[in-house]
Amino acid sequence: MALLEVRDLTVVFQRRGEQPFTAVDGVSFDVEPGQTVGLVGESGCGKSVTSLAIMGLLPKRGATVTGSVKFEDTDLLRLSGNQMRDRRGRDLGMVFQDPLSSLNPVITIGVQVAEVLERHQGMSRKKALTEAAGLLDKVGIPDPNRRISEYPHQLSGGMRQRALIAMALACKPRLLIADEPTTALDVTIQAQILSLLKGLVQDTGTALIMITHDLGVVAGLCDEVNVLYGGRVVERAERHELFAEPRHPYTHGLLASIPRLDAPRGERLMPITGSVSDNIPWDSACAFAPRCPNALDVCREVTPEQEWRGSRLLRCHNPVQPAAAETEEASV
Amino acid sequence: MALGATKKDRIDALAKSSVDDSGVSLAASAWRRLRRNPVFLVGLGITLLFVLVAAISPLIAPHDPSARDLIDQVVKARNEIPPAQPGHPLGGDLQGRDFFSRLLVGSQQTLMVGVLATLFGLTGGLVLGTLAGAIGGWVDSLVMRIVDVMLSIPSLLLAFSIGALFAHPNQFTVIIAVATVQIPIFARLLRGSMLAQRGSDHVLAARSLGVKPGQIVFRHMVPNSLGPVIVQSTLVLATSIIDAAALSFLGLGNPNDAIPEWGQMLGTSQEVLDSHPALSFWPAACIIIVALGFTLMGESLRDALDPKNRR
Amino acid sequence: MTSATEQAADPSTVDESLVSVHDLKVHFPIKRGVILDRTVGYVYAVDGVDLSIRRGETYGLVGESGCGKTTFGRALLRLVEPTSGRAVFDGTDLSTLRGESLRLMRRRMQMVFQDPMSSLDPRQSVESILVEGMRAHGLDEGTESTGKRLRELLSAVGLASTSLRKYPHEFSGGQRQRIGIARALAVKPDLIVADEPVSALDVSVQAQVVNLLEDLQQEFGLTYLVIAHDLAVVRHISDRIGVMYLGGMVEEADSDDLYAEPLHPYTRALLSAIPVPDPEIEDRRERILLAGDLPSPANPPTGCRFHTRCPWRQAERCDTERPVLREILPGHKAACHYAEEIREGRILPHEVRAEVIATDLSSDIEISTPASVTEIV
Amino acid sequence: MLRYTVRRLLQMVVVLLVLSLLVFAWLRALPGGPVSALLGERATPESRHDLIVQLGLDQPIFVQYLKFLGRALTGNFGTSNGVQPGTTAMDLFLTRFPATIELSVFAIIIAVVFGIPLGYMAAKRRGGWFDNATVIGSLVGIAVPVFFLAFLLKYIFAVKLGVLPSDSRQSVTDATRVTGFFVLDGIITQEWDAAWDAFRHLILPAIALGTIPFAVVFRITRAAVLDVLDEDYVRTAESKGLTAQLIRRRHVLRNAMLPVVTTIGLQTGALLAGAVLTENVFAFPGVGQALALGFERRDYPVLQLLIMMAAMVYVVVNLLVDLSYALIDPRIRTR
Amino acid sequence: QSQRSADTSNGSGKVGGTLTFGAAGAPKLFDPFYATDGETFRVARQMFQGLVGFKPGTAQAQPDLAEKWDSSPDGKTWTFALKTGVKFHDGTDFNADAVCANFNRWYGQKGAAQSDAVSQYWVDNFGGFSDGAKPSLYKSCTAKDAKTAVIELTAVTSKFPDVLGLPSFVMQSPTAMKKYDADNVTAQGDSFTYPSYALEHPTGTGPFKFGKYDKANNTVELVKNDDYAGDKVKLDKLVFKIIPNETARKQALQAGDIDGYDFPNAADWDQLKKAGFNVAIRPAFNILYLGINQKNVPQLRDLKVRQAIAYGINREQLVKSQLPEGAKVADEFIPDTVTGYTPDVQKYNYDPEKAKSLLKEAGATDLTLNFWWPSEVTRPYMPSPKDIFGALSADLAKIGIKTNAVTKPWNGGYIDGIDQAQADLFLFGWTGDFNTPDNFLAQFFGAPDNRLTTGASPWGQSLADSIKAADAEPNKDKRTQLYQDINKKVMGEYLPAVPVSHSPPALVLKSDIKGLVPSPLTDERFGSVSKG
């Protein structure tokens, strides 16, 4: 049975005097225990909002969340504020993108880690601090006993991200959500953090939802990948399958448009035309249609439904044919 | 909010709001939000009304505001002033002048105090700030030293001191006193934004294009530094009116009240507050409302220009 | 791109390097003082870089954030005053130019910025943005020819000619970057320094701009210095690549050679750290994980700047003697004492414990307490 | 930190020196001054001339300044000739300064005690009617001229209702003086009626004086809390499942207090200026009243000292605020 | 109101209690010899007595510490018979030796203390000091016996002995003055420093002793002198609370914080009376005049022009609308209670037509004058300078004289500017010190080089001379006649300035305060006052 079952998750933002805006539009996916699931997509496609909705961290006012988020049979969306507080940090951990702004600047790292333990495991401050030092050590922060009494600004970017991870994992949650945990970091540091996450997930059996726009990160880390576009999942597949044969024109386009370190030089990139701002509402069309090289008339008239194509879930009227991929590229 | 506590840090923080142009254009998005902001609209409404009254007051004022028409009805010894009567809806003041006309025409002088004080402060600040921000080096150091000394005296206190320094107080010295304290603020503000602008990419781009330095300053740096300056100006309009009233109260204002001005009307009628509250009430109410109008506008402008609120 | 490479590689070109930089240093003073400022130290942002860029080629500069790439690019264009060293542009020593002559020289070397929005003056229409540079160099010879030129520029960067009246905020990120590129092109430069031209853009848009840069190079015979931290992008568009680490150049090679056989330990680590969107490769890859973070450029390690994190670090020389950039293979330089040994596998990597690095506070938080006398109350 | 403090203090000395020169030169350049003040209506051209020579006012201004500086270094800033004639300026400052501090402290207490909770509440209810009402209310508070407010308060509560005293610091005449802070003195000496009496005298002026700081503290608190509520670390704290109370106390308020502390420091300026108006209305014998009278009566020795002291107090308070800031904000402390 | 000391009153309602009086300013010091200001004098009057006093409620001299006096026929030798049994607050005896000690102290001032700014009343009235640098009116003092003191003068003057009633010339304890170094005045910077006698140890014979000066609370506290030689003192304590702002004083009274205060705004009298307070109006002993300076504008040297100004201002209306109850239009430069007053002078009733024709005759139809008025000051003779200016300038405009309003603070350039003849027209005035015409007239015209620059007219010098001659006339009747002549001439032939008004200042008291007699000289004594 899945650890987390997200069903038809929809988030609508309503600001005074503005049109309601559907940031997440019927997203469904499962996360099995110990599994790593990736959510990828361009900026603004609703990745963060999805994760915040799962964590119950969206603002109460202005955001309407519907659908269901079953965590071990409890629908998180139905829990009261206090019940949710009991869950967060204990069953669900989260790591954010910008490690500096995500840490409270005026409280020591030690206390920030320890307060989770105090809250959920009822430890005394002293014991929690000792434990915190242990956690910091575990995420690879050198000299943890000194670090616990330091402040976030005294740590380097990588260390801060490690501290955030230590915090999220302090109570051994069964699900960890990492929202672009490496975007703010340099590649060499990113590699450190990714390998740390990978190791921790393996060791503890924690399930991981990895949110990123970097397909490379997903390729190395995730078991299953969800590609989001305009708030909907447009393609889902096991990672080998997805990268070997991207079927949705969007996924396909993404892969073709990034320069690859291992590809022979001189090959021209195949950009997706237009930009995210060109998309149209899903209501009666495919949001990607205006940018899609494969678009048919139907794409602009009928909303594509999500359907299984073998082991992969697709939302497309005219997916890229596996064999056709080469020819198509040549013809552009 | 910048760290650090001095007044200059505050100013610098405001100055920074001029950079960070990520996303939509400053003015456009600010205006978009302002248009729907009731606070701003109320402020704007008040301000427009006030300006209108000031513009047409000489036409609609029923009497000459300095004519002592009702002097016969003034008996100081019995504390009598002309009561409301036909043709004089609010009666007369301590010198038998039509109070309603004075109140109407007073808007002109009050507006003038506000506008001129702001203008002088702004001009002084612009000159100093542009010098400091554009030339840099020792000019910058020198200008900023002067500015810092001025900033180290609480501003209203500085205004009082300057007001006291004039041997011959009049409307103009009041304006100077009120404006002078704004100069260092504007100067620092402008310099702050200019420095921020100087390091900004689009100025760098202009430099790398080989645009002449003078043009860079006047076409790129100055215009883009104006956002916070406008905010500050709006607030200064309000504070200078209130400050001018305080100067009048301390006897540092224009002692000649032939031409009415609200701050001065309020300052002089304090002593008969209990026997003739109306003489204080009306100018006070006018000042409060006008200052409120400017403040509401300024504060909502500030909010609108704050990059944090941009979405 | 290929043709550009060929052209650049053509030995018949008389003076083949357009730009050459010799021992360029940029040290930013750190000032503190009780009453008057004293310089208490320097940020060694760029600390002795040599490089030359051939006519028509694309030179890529990569490195981690804070290693001095931007500063180098700006110092090259004299937008930052170099502390020492010189840059020769097409036979002219830029460091000898002053005032008007420097300003006129700027026509030939242009810059494209990372953040397309902040590099465009929000108050200028596209037309005025484009004309400004032309006017500064007397290239606007009458309304008609200017109009024609503007339309050419717009079509070259793929913008509609209706864009002229619009303002930057009315465009998407990719389009803004195109405006930035058009602005650089407007003055018909020889060299374009592109500082992270695509890193602020969405992945899908990145490709459009990368392609555009390539097309323009072909069309106008431009020479590029492309600065980026994304090695994949740099490798894609560059003919040659220089790798910077903490203010110094650690390796320089043709871009294929660099990928095929990185010689410097840092480059190796860097290459191995970059994720590739291919699970097959990812699963097989051996990662060289570097310990710790980039040291502060205000207090760089002695000897080899990289020795604190280097898995191949040796007991001798590494922490005392700064290696020079030397040619190890033909056209392939590296600044490592043991490059050959490592290449031949005679030295094997070992584990490095992260050193505790005093982080450079000034770089990541903004504290407005006065840092100098120019800031006092 | 120490370095920083020393530097700021040295800078202050420089500022004060420059200021003293400016104030000195400026005041001397004006007509009137000590001679008029000392001789009054009875002055004759001859007596005027004699006095000018006697006081050395005919010497070059820089000689006078140096002499002044020499005296000033020994604490002698001259004798008041308008505010409290015959009293030395220093003595006048020393006897009156505690009054102003006492008043300002009460005003700040009022500002803080009401401003911070209301600001927090408004931020929490952002956009709601409570928020809008308090925001507009605070702006009205800023727009009301202080002296007018003081007059109204006094008129209503002292004159009409007679529930609070209208002037001075104390009615009890035989209270023992220890520190110069009357409320404190009363408590120390256990003269409870004296303490209570002094306290009652403070209420109205403190409210008048505290209104603007209150409005400002309120607005800054509100803005700061709004900012902090948007901060990523609050979201992090939420994601850790911390209790609402803990988040409010440890994560929101603590960070929001930083700008508020700054503001309180900045309000010293407003307080000093406000004291000039308020003390004048309430005949409260503090430095503010002395300044107002000094302006009115052109009491140059007093003005000179008080303006310099105001600058010094302002700079020192801001320094203290900066230092206390460092106590709350480790980013500055660890520099 | 917690007036704790009030609790000690023994229930008679007449004796005991604390009276708190709102004063407009702080006393400069407590040794009145060095003072000229009313606030110092107010306090001094309660602690000290002079040889001569004034009859309560008048400016008429009467015996005080001296029981009586005689002068030699030449008017230069004065013999004072002293009261007996009088003791200073320090317990030492008051006698002829003490009187001479005081006179010799005054005469013997040295150094900085000789400055006009320090010993002003002495310099004004007696001239020089014992060092002989300038001539002095005073010659010597001899203690004939314990109760007889003889004062010799060098010249005759009309003001002696009335001048001894000035608070500056009260009797102070020689012992205490010696002990506390009373004469040690030094000039420091731009001011003077005074000895501890003057600041903390004033010792006189009066009904109250010095208590303390609480600078922190701005109060001066005097306590009852149980050994007072006169009528038994009723109050236990007399507190002067310094409230500079006039409105604040009024409100303090209304709020019950004080028992009375000085100089209520004329506009408040009515209201205060209605509220049950006792507004004690002092007889007007002052003059407000519209100064005309002849120096800068030649036309002003023409009598017609000055007369036109006099005719052109509506003084009746000014008095009615702007001045307090009891104010009168001034016909000449002395109040009618002063000897030498005569109703028989030329009057200038409001007549704008006449004014215009006079101007036309003088060919001064296009006059523009700098009209100065002081800001931020109210003098007893000039309750609201701004309003008075407003009224006068409006009147002048009506007869075609344009005015440039110039206003400066009293001490911030006004007096200076007037003295330097920068003003063409200005508001000024005078409150008499004692009842001699010389005290007024010599102040205005005693020297040709004066505020009005009368020296610019041919009669300036002779006017000065005639005033001097009148003062030196020992025969009282003759003297009176001389003064009357001067007044007639001044008003009819010279008109150096236009006298405007005499306006009575007042003080307010709670209704339960009894026994305070308002004095034209502000010489109110609290020794006889009771509360409740």
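Order of writing sets the chain letters: A, B, C, D and E. Residues in each chain are counted from 1.
Going forward, a residue touches a chain if its C-beta (ideal position, glycine included) is under 8 Å from a C-beta of that chain, and two chains touch if they have at least 3 such contacts.
The structure presented is a predicted model; accordingly, all values stated were derived computationally and were not measured.
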item	value
Mutual neighbours - chains that touch chain A and chain E alike	D
Chain at maximum distance from chain B, centres defined as averaged CA atoms	A
Chain located farthest away, centre of chain C as origin (C-alpha)	E
Between B-D and D-E, the pair with more C-beta contacts	D-E
Chain A and chain C: spacing of chain centres that average the CA atoms, whole Å	31
Centroid spacing, where centroids are CA-atom means, of chain A and chain D in whole angstrom	54
Chain C and chain E: spacing of chain centres that average the CA atoms, whole Å	87
Computed distance of Cα centres, chain E from chain B, in Å	45
Touching two or more other chains - residues of chain A	105, 153-154
Interface hub residues of chain C, defined as touching at least two other chains	361, 365, 367, 369, 373, 376-377
In chain D, residues with contacts to at least two other chains	12, 15, 30-32, 155, 159, 258, 280, 296, 298, 315, 318, 322, 329, 331-332, 334
Interface residues, chain E side, partner chain D - complex	1-5, 18, 25-29, 36-37, 112, 115-117, 120, 123-124, 187-194, 198-199, 214-219, 221, 237, 239, 241-245, 248-249, 251-252, 254-257, 376, 408-417, 419, 428, 430, 443, 447, 449
Sites on chain B touched by chain D in the complex	1, 3-7, 9-10, 38-39, 148-149, 152-157, 160-161, 163-165, 167, 238, 242, 245-246, 249-252, 263, 266, 270, 273-274, 280, 284, 287-289, 291-292, 295-296, 299, 308
Interfacial residue positions of chain D with respect to chain A in the complex	127, 231-233, 235-244, 246, 250-251, 254-255, 258, 328-331, 334
In the complex with chain B, residue positions of chain C that touch it	74, 77, 79, 103-107, 109-111, 113-115, 117-123, 132-133, 136-137, 167-169, 180, 183, 187, 366-370, 373-377
Complex contacts: residues of chain A adjacent to chain D	16, 55, 57, 81, 84-90, 92-94, 96, 98, 101-108, 115-116, 119-120, 151, 153-154, 164, 167-168
